[in-house]
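Heads up, the next two complexes both have chain A, just with different partners, chain B and then chain C.
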Partner chain A sequence: MPMYGDLGNKLVQHAKRTQNLTHLPPYQTELVRAVTREVRDLDKDVASLLEPFQGSFDPSADQATACTLLVNHLSMRRNKRCLLAYHRTRTDKLEELVWSGSDVLDLAGQQAGGGNGAGAAVDSGGGSSLSPQEEDYFRQYGDLLAAYKGQWTDVDLTGSLEPPRDLFIDVRVLKDAGEIQTEYGAINLTKNSQFYVRQGDVERLIAQGYLQKLG
Partner chain B sequence: MSYYDIDSILTDAEKIPCTFQVDIPDLGYLDNTPTQPLKAGTKVSLPLWLAEMLAIANTGDIEGKSFVTFDLPAALGNDVVQALKADPRAVPLRDQSAHFYGLATHMMELSEEQELAAVLRKTFVARAAEVALHARKVGGVGHKGKGEEGSNLGIGGAGEEFLRGLDEWERKLFRKAHDGAKAGKEWMEGVKKH
Partner chain C sequence: MDIDDILRDVDPTFHAIPQEKRDLQALTRAWIAERSAPELLPWPSNGLFERINGNIKQQIEKVEEMTGDMDPKTNFALIVIQTELERYRYLVRSYLRARLAKLDRHALHYLSTDALRARLSEMELAYATRHQALLHNHYLSSFLSSFPAGLQNLNDAAGGISMIETPDLESAVFIRALKDTPVEGRGVDTDEAAEMQEGDIVILRWADAKSLVEAGSAELV
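And then the complex of A and B:
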């Protein structure tokens, strides 16, 4: 028996699953659209129910209509809560990803590789698991964080909280990362090469998966 | 229980048996008969988010009648309560409802069931101790030096059965207890080294 709120519930179940994942599953474009459509339909129902009363509806005089209105109202409120919770779960995750230094392009690659798309998000922008709005949010939150971090040039706010055992470490290059400048001159990070570098210089690159720490 | 809390939202979707007290022409779809009016006295299973408000809303009726009356869901029925009284640890709560305690707390807010509340309290205390016990065993905190993953592989028959029957709240408790024990162990190992 399908009823109002069922679709919203599905959305929240998606959110529940998302909480336990390390990556972000595809945005449920279709489902979100269906839930908002349901809200609009309910709103239309309410308007047409109230129409004959010309703004002077007395709930105690017409209990049946009052109850229908209440059910419609509650269904809309429920849908709203489901929608907000779904999106908030995802933005929380996005913020986490920004702090950990991944970028949107990485996410898109992950999605293409996983091939687990429910088909819903595929139409929303080049195989990304984010909605266009979410990509925007991600970018702007990233800018915000960068601006915030910019206030302290000698502290890396997104750096590792683990105190390093050694100042210098061995790393292997997993993906070409171009040339980087260090205190001891420039090094060219080409795939499969190995370097003995200062940990602080390459921490970001390790987090982003360009380098692998050895030993 | 925040507005955005996913588990709280899912708990609100749990259904409870309701009986309509008023004829309502437009709500036939709730009883799967969209073309027919919903008659007073019809029994329908409604999700908490709907049932709760319909039960407490003022109809404007002089006798103070509400739109629906509700009964306790089967998950809190007599059978379950008797089983919980006998041995709380032997009942797989998850089979009753994935959000058993959430549902129960909600029902307690709507109706005063002193005895049920007492049974539930005892149930949680007894089961929480058991959860803590299992959480320490899993992942080889006590024995088996390198149980790194903290997977469920280590637990034997009866324990597995019990853990499968945990409701969502108890699962969280289990995870916290387990992670805590593991982190504590890792810290101790770090202390020895330096």
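And then the complex of A and C:
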């Protein structure tokens, strides 16, 4: 028989695993619902336990009931913490993705490509690894970041956090990226070609996996 | 004002350092300090970043101006300026990101009192407030709204444990003494007091080092 907090524990394990993954595993809709339900059930239990006392419950007179109430109380709070931890871990990951410049469509695309074709994405739950709320959050955080970044346009906040060493670097093109404009003219980035370019011009493309920096 | 300030006032070399250079020094120090300190440090309010932004803009314009020129000499100067510009931008970017990372981790803490809010720049305050609102909304729409009303708060302090996490002020930092100064550090078993001389580097708890750093007798390294 499952005990109070078992489900919450599962969520925490999911969160823990998510921390070490590069991608975001599917949202545990069922589990989240079950834990939330457990909280509501516990709350109802508490209410029905207290009902006969009409607000005049004396813990020292009825220690068994007091103990039950305490356990219920703590379980509810524990579940809440588990839920918060699970969601926060995932939003942290989402924020990371926003910073690195991916967008929701990209994520959906990966899912469709890796899964059972585009049809899977339409099925509820089976397609995207994000919950609809998470997709909203992703978009809104993107807007927020864009607003903050917009005040620092000359600095490019999402740029590399490695201290710059060389102005120019060698890069190899991993995927066709089309033509880019630099102040030295246009460069056509075709697969497997190699260029000596200004780092600032191609940082985005490196982050998105189009180019590889040669060391 | 102490004797050092007075001496500095009459020191001809101090005012000979151009504002841009002093700004760069201030930025570098702020950057190092922000990356070492476990909590968010106050935003420099003396217009440092307005000046820095101005400088960056100016250099970008200069680069654009010089780009058209094909003279090899200008070309070399251009590379030097661009390299310097990249480094300058890196400093600002890394500084801002270090602050955002702390802000994201303990948003509710930094938003909780006026004294803490005063450490943020206006933009950061707007960002943190909005970010927290987004998170709260996300929690609400994901599960919190179906919770019993009494359990929907994010800032409960029931049972003596606050839900708001705070940065660990007891974590260790390295500081360098900028002038001779006594230090007191709390240890696990015993507390210790020592005399630091200018240039000495010691490791101690941030909670103990903070007052020295704020008074300007030491800097974070």
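Throughout what follows, the second predicted complex is superposed on the first by the 149 of 215 C-alpha atoms of A that agree within 3 Å, B and C clash if a C-alpha of one lies under 4 Å from a C-alpha of the other, contacts with A are read in each partner's own complex, and residues count from 1 in each chain.
The rule we apply is simple: contacts are C-beta pairs under 8 Å (C-beta built on N, C-alpha and C of every residue); 3 or more make two chains touch, one makes a residue touch a chain.
Just so it is clear, the model here is predicted, and its values are computed rather than measured.
**Q** Check whether A:186 is in contact with chain B, with chain C, with both or with neither, and answer first, second, both or neither.
**A** neither
**Q** Could you look at A:5 and tell me whether it touches chain B, chain C, both or neither (first, second, both, neither)?
**A** It touches chain B, and chain C stays clear.
**Q** On the A-aligned overlay, A:76 touches which partner chain: chain B = first, chain C = second, or both, or neither?
**A** second
**Q** With both complexes overlaid on chain A, does A:15 touch chain B (first), chain C (second), both or neither?
**A** The first partner, chain B, only.
**Q** In the superposed arrangement, does A:66 touch chain B (first), chain C (second), both or neither?
**A** first
**Q** Once the shared chain is lined up, is A:84 touching chain B (first), chain C (second), both, or neither of them?
**A** Touch status of A:84: both partners.
**Q** Once the shared chain is lined up, is A:32 touching chain B (first), chain C (second), both, or neither of them?
**A** second
**Q** Based on the superposed arrangement, let me know which partner A:144 touches: chain B (first), chain C (second), both, or neither?
**A** The answer is second: A:144 touches chain C but not chain B.
**Q** In this superposed model, does chain C or chain B come into contact with more residues of chain A?
**A** Partner touching more chain A residues in the overlay: C.
**Q** Need the overlap of the two footprints on chain A, from chain B and from chain C, as residue ranges.
**A** Shared contact residues on chain A (touching chain B in one complex, chain C in the other): 84, 88.
**Q** Provide the residue numbers of chain A that touch chain C in the complex, in ascending order.
**A** For chain A paired with chain C, touching residues are 32, 35-36, 39-40, 43, 76-77, 80, 83-84, 87-88, 91, 95, 131, 133-134, 136-137, 140-141, 144, 147-148, 151-152, 154-157, 159-161, 163-164, 166-167, 183, 198-200.
**Q** Which part of chain B faces chain A closely enough to touch in the complex?
**A** 3-7, 9-10, 12-13, 22-27, 29-30, 32, 47, 49-50, 53-54, 57, 59-61, 67
**Q** Please give the residue numbers of chain A that touch chain B in the complex, ascending.
**A** Result: residues 1, 3, 5, 9, 12-13, 15-16, 19, 49, 58-61, 63-68, 70-71, 74-75, 78, 81-82, 84-85, 88-89 of chain A touch chain B.
**Q** Across the complex, what residues on chain C touch chain A?
**A** Listed in rising order, the residues are 53, 56-57, 60, 67, 79, 82-83, 86-87, 89-90, 92-94, 96-97, 100, 104, 123, 126-127, 130-131, 134-135, 137-139, 141-144, 146-148, 151, 154, 158-159.
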